[in-house]
Amino acid sequence: MLGAVRHLTFPEVDSTAAQIGAGKRRGEPDRARAATLRERFDAVRRATLALAAPLSPEDQQVQSMPDASPVKWHLAHTTWFFEEFVLSRALPRRPRFHPRFAYLFNSYYEAVGPRHERPRRGLLTRPSLAEVHAYRAHVDAGVGEWLDAGRCGGGELDVLELGLHHEQQHQELVLTDVKHALFQNPLRPAWRADLPGPSGAAAGPLRFEALPGGLVEVGDGGAGFAFDNERPRHRAFLEPFALAARPVSNGEVAEFVAEGGYRRPELWLSDGFAAVKARGWEAPLYWEPDGGGFAEFTLAGTRPLDLDAPAAHLSFFEADAVARFLGARLPTEEEWEAAASGAEVAGNLAEAGRYHPCAAASADGPGQLFGDVWEWTRSAYAPYPGFAPAPGALGEYNGKFMVSQLVLRGGSAFTPASHLRPTYRNFFYPDARWQLAGLRVAKDLR
Amino acid sequence: MLGAVRHLTFPEVDSTAAQIGAGKRRGEPDRARAATLRERFDAVRRATLALAAPLSPEDQQVQSMPDASPVKWHLAHTTWFFEEFVLSRALPRRPRFHPRFAYLFNSYYEAVGPRHERPRRGLLTRPSLAEVHAYRAHVDAGVGEWLDAGRCGGGELDVLELGLHHEQQHQELVLTDVKHALFQNPLRPAWRADLPGPSGAAAGPLRFEALPGGLVEVGDGGAGFAFDNERPRHRAFLEPFALAARPVSNGEVAEFVAEGGYRRPELWLSDGFAAVKARGWEAPLYWEPDGGGFAEFTLAGTRPLDLDAPAAHLSFFEADAVARFLGARLPTEEEWEAAASGAEVAGNLAEAGRYHPCAAASADGPGQLFGDVWEWTRSAYAPYPGFAPAPGALGEYNGKFMVSQLVLRGGSAFTPASHLRPTYRNFFYPDARWQLAGLRVAKDLR
Amino acid sequence: MLGAVRHLTFPEVDSTAAQIGAGKRRGEPDRARAATLRERFDAVRRATLALAAPLSPEDQQVQSMPDASPVKWHLAHTTWFFEEFVLSRALPRRPRFHPRFAYLFNSYYEAVGPRHERPRRGLLTRPSLAEVHAYRAHVDAGVGEWLDAGRCGGGELDVLELGLHHEQQHQELVLTDVKHALFQNPLRPAWRADLPGPSGAAAGPLRFEALPGGLVEVGDGGAGFAFDNERPRHRAFLEPFALAARPVSNGEVAEFVAEGGYRRPELWLSDGFAAVKARGWEAPLYWEPDGGGFAEFTLAGTRPLDLDAPAAHLSFFEADAVARFLGARLPTEEEWEAAASGAEVAGNLAEAGRYHPCAAASADGPGQLFGDVWEWTRSAYAPYPGFAPAPGALGEYNGKFMVSQLVLRGGSAFTPASHLRPTYRNFFYPDARWQLAGLRVAKDLR
Amino acid sequence: MLGAVRHLTFPEVDSTAAQIGAGKRRGEPDRARAATLRERFDAVRRATLALAAPLSPEDQQVQSMPDASPVKWHLAHTTWFFEEFVLSRALPRRPRFHPRFAYLFNSYYEAVGPRHERPRRGLLTRPSLAEVHAYRAHVDAGVGEWLDAGRCGGGELDVLELGLHHEQQHQELVLTDVKHALFQNPLRPAWRADLPGPSGAAAGPLRFEALPGGLVEVGDGGAGFAFDNERPRHRAFLEPFALAARPVSNGEVAEFVAEGGYRRPELWLSDGFAAVKARGWEAPLYWEPDGGGFAEFTLAGTRPLDLDAPAAHLSFFEADAVARFLGARLPTEEEWEAAASGAEVAGNLAEAGRYHPCAAASADGPGQLFGDVWEWTRSAYAPYPGFAPAPGALGEYNGKFMVSQLVLRGGSAFTPASHLRPTYRNFFYPDARWQLAGLRVAKDLR
């Protein structure tokens, strides 16, 4: 017997700081780390603005669906995150930029207070884009001064670092959301018409790499930054399996389409086939018939479909069906992580400036694990054994979403390299198609 | 016996011109009329831009609900109307501004071709506002040159005149739609903060004017412009009735609210009470609790509710219930027109620059018939006896909407005076609240 | 000036009786009328049970859509009407059959109290059909005893007579609702397989009868029973017009279908064409492709489509489009009534035992005005000039539905002859198709 | 490298038999097993009818929501399963009972052909209940003769055994669905008013049992019947944990309600709290306010809430929130199975005749693992490592549902004991409340 239940009251909102990440205690200033983060802060904030720069105020205004947000909202929300969780706690007397912005730009933190409804973000024509830029400048100045003063505790810097990763997540969302918004326009306008085209590499036949299984360790156990959902590091047992050496290509998905894949229920999960019928899916999102084949909408406008490039903008349902069509299955997230552990985080990531998946020359071992497309796994997004969310509002960051979504791994051509780790867990609902998501297949070996 | 049915094929799209209005035949140029219309064209086009001028590109981008359209879309659509129905027919070799604008900015003319879905107008971030301005300039120049050349037939000028009235209808919609859009923002921003406040006049007690009934003539029979739905002029028989001397005031509606009007089914039509419950109506649109009373959102932002001003932003359902609460009923459109025939079209219309209803000093006879608020009648919008829509696409202008809507009369503070007539028939669905619509009550006299 | 508004409180629920119909005052017993009504009461109540008799308890249980009700519910609701409005007022000490039946079987009388939600009527498996039969017997006995005692006032008998017409309305609904319910079953079962087939008459070419117009009287002004919505009798002015000598036939609608009628927007009201697309309409309800032509589901099961019979199960939208296809229009209800005034109420009505429209030999003047199919008019259902609903709960009978519906005239093969008058106004929403409704076309004569 | 991808065509519908279960090959008759199964077949089929016996034909007709099915449909569908997968394959010349029943009573087997839409099952008033009984008798006779003849192959008997477990699953659904249907009736009628009341035992304080974790085996590896989703048996690694000694009680959930649990977002998953708000949840399904406390709808009608009994009719969302409220979490399915392995399948199961959860005297170790309520786990329903669905239509039995649902363990008071195993995996969507599902909490031990 372990003892009677304690009727715990749930942790109150912690108005001081969330103890996320591995850092010093709140009260101990850490000048060196503050200086490093100051540089990183400037770089990340600039990078966000650079993504928005090719867009008009109108482009940054619209919300194409409830799942997406306006670019302007992303610019403001990421700023609010620093104002709310860093500045207002570190310098509580510093006035906020606007008394109502917490209401307008809080995304989902119930503990912080009420907020504007998500599906109505696109209706906020005020503040204007210019005012949002001023808001960014105001908060940037505050954070900069605070960091320069150097009296920042470790816990506070942890939250700042979380804010930077948070902003990098939104950089990817800026791209997925603006791509979706531009696609709603029959003129099919480009975000940037000057992006490079296909790599010219050939996909080559689909090879598999055998992996031994056994007791493995997964999850983050290091001293650097990781999200709470990557922790704690723990053991898992795997049967032997094989993993494809590259993501599934557009050519393979085109074959799936050509062989009636979207009309064959035996290839689909039941919910997946219901989605196919209810939404009229006939090809991946952004594919449009073009002569006998397909063209594809990209951030550079509509282009011919590159059959060698990794297929993208697939829902989990489609990824699962394509895997079955190929006589394979999706890997679990533990299988994926076991195969990727030790691999260098490098590939066609945001820094490559392509902003679109492309074929790579084949190499030994599983290739293209990082970048190009997020890879759907068959693992439901769930807490790791021993997972405990942080106390306070930041405990809402990840934990409350741990149901009904699936884990994706590996980052995409929209993901900054400095944001990624082999243990990184992305997650979306199984019908989501507007993310830069594809698949890599696996097989059982017994 | 009249003869066997002729299996008529339906009139084909008339690519030359619609024979709307009373004008000369198409081939006969009419220089004087062209010159008059040139002036009016310039004035109407300028007036539209003036309404949009206080708004940012972002303000002009959004669509707050499927019934409303973005201001930018209104600017482009009214331009397309002239390009499609005037320029491209009068000067068929003149190139169109953009090959896809007919797709983007056709509202509902099935005969002209396919078009962008109405509820998705707010997603068109391209063309930009600047490009839409260029579009307007391009078409304005073309129309101007054509009118100056003076070789315009009467039928062509009829269509041009229709286009001007069409644009004036959209001027009113610009105001109703932008008001609705700004109201979605919790900051409650203003279109123009400098609008004048209440008139200071008192509503006074609600008096009724007795009218004799009998055989009356309604509908337009003159030589000037009128919409097809106002024709033909015809006879109708009316019983004696009484009509209130002014519209119902905010004070009277506030009493309706205070006495539980929104919770008393006996005051409502069945569909109306279902709407009240389904949508949670507790007061007219734009009323917000303020202390013990109400404030009201206006184009100048939120202001205290002026109890003397005519009540506005009521659905037909609410207008009908308020009338019943007052021991009265809504008039029919024939009753309204009989009472208004011969009255001067003057009042608190757009030219007054108030852009909000206001109280007026009481006068002999029914007052405030024109301006302030559109007045709901109990008449369903239906074809007049002998009504025939114009051949061709312009036959879709009015006729195809003649079911399930109710007629409103008299214009509002958003309506240009030059756009109105005593025979003018406006029409909306019974649940529409975003129009500047109120009511005037009537009573039976037998 | 007529006088200031009186802030009338709305009439309270009148717990004594509604003054509907032209009868003696409440307190004066009328033995002769009581005896006549006793006979009629027995006949009407028996007729309802006869309609339900071919159906199993399961058939009488289901509700195929929110607009329809289970047969068992109709049996109980009509009984509740007598219990609530006749028995419980005439004999207030007599115990009710069950304390909760008022909750279960009140249809829409807000003044009587809360009630079971309409779309959930099909879930009431208890009371069982046997219990509902017992309920009917209990109330029938009470009414019978009361009538036999002969101390019934005129107002009370008026309500009883209203209850009989109410029950006859539900007899028609029993048939329309059970037809719809049986059609949901892929086995296409019959209500009664023994119904007679086509009449064998030929529809003949579509002739029109010219009518002069002028000032006419419409509405009920007699001493016999009529619904409040038929009153008061009043004058209306009509232009000369022509009315078809018979309803539109299945053959004519089949031609409409064959010539692409359901795909040609120019034939439709805008709301109508939206309904066509949203619901995938390709033919009238109950038509099913059969070889190159159509079969039709009837109360006797599926049968070949009789091209000569009047077309049925058309919505107003379809009726309006078919009329336009035929180069004609729908008549107004005043036109219809002017043409029908003085005509004998005879035709293919319920007593004929066909329960399906059939062709008739052509005659002089407009034929088949009564029976076969309800004929859609273009008139919105609205109060007649001077209309005032009865005080009390029975005032909800008709008046509160006077918006957004269209008037139909003439009765159908499901309507009892004793229930019909030339002034009778039926009404449904423009998209309703499950009623036995068709059309007769009209034309302007100037 | 493992080899190039083989473009497998997906397994065709196997018209002979599905190789489910561990049995002999198809061609080898197994007389002894046939005789055993004959007895079991009769017993299971009788048990289903016994559950339906207290219900009228009307009660067995209705479908209260798309997730539920009419009792009559369950009776027919389970029969079709034997006709389709056993009889028509073993005795292909034997005529089917009705040519359309495969269409009406196929639930979701795409490979078998098209079928009646699930949400419209309640509209099938034909076949009548009597005809469905005849259908059952017809198929029972066929199966009986075939088993008696004794020429049944092992594979065929495997499918028969699957059919028996399938029917037992539907026995539980008959009870959950009829409970839901009866609850829709404001009269709150009983299935059987004669069911026993509370056990009188006290729930006692919530104790936890510590379990060591490590490498465990889960899944079925035996020779007896198990569903494909329980296979293959495989290893999993568990951290040490503690499991509550009994399910959470009504008293504990009542405390959750009293302390505002349904209004505190910090206790809920994000999707869960959205469901609470959207559906207005304020207590478990079937709880109704009663004085200061709650009454509970049961299959015996409404009864006072037994605070000592295990809480039931909770969604996963509620179970998860209640666990958090108690300072605990839900176990994983592997943890549950590890704790239950070796335990005897005994408890308050269907055979107990209570048909409602009840408190049990506390015992050593985790108690009440079987029966009372299905226990939600935090494990998403997913394929076990190495899982492969059966070829043919029966491969659709379980595998295609492996997304977006959560696993439940342990059976309920509606589950037959002979249907249950410690490895049994039940699964439902996280918002499902009409199942007899509750929870048992767990805790981390490190």
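Observations on the structure shown:
Letters A, B, C and D name the chains as they come in the text, with residue numbers starting at 1 for each one.
We take it that a contact is a pair of C-beta atoms (placed from the backbone, for glycine too) under 8 Å apart; a residue touches a chain by one contact, two chains touch by 3 or more.
Only a predicted model underlies this, so the values are computations on that prediction, with no experimental measurement involved.
Distance from chain D peaks, on a Cα-centroid basis, for B.
At the interface between chain B and chain C, over half of the residue numbers involved are used by both copies, so each side presents largely the same positions.
If you average the CA atoms of chain B and of chain C, the two centres end up 36 Å from each other.
Note on chain placement: the centre of chain A and the centre of chain C lie 59 Å apart, centres being C-alpha means.
Each chain gets a centre from the mean of its Cα atoms; for chain C and chain D, those two points are 47 Å apart. Multi-chain contact residues of chain B (touching two or more other chains): none found.
Applying the touch criterion to all chain pairs gives A-B, A-D, B-C, C-D. For chain A in complex with chain B, the residues that touch the partner chain are 56-62, 64, 72, 100, 103-104, 116, 120, 122-129, 181-182, 184-187, 189. Chain C meets chain B in the complex at residues 1-8, 10-11, 108, 110-111, 205-210, 215, 234-239, 242, 244-245, 255, 264-273, 316-317, 320, 324-329, 332, 378-380, 382-383, 385-386, 396, 400-404, 406, 430, 441, 443-444, 446.
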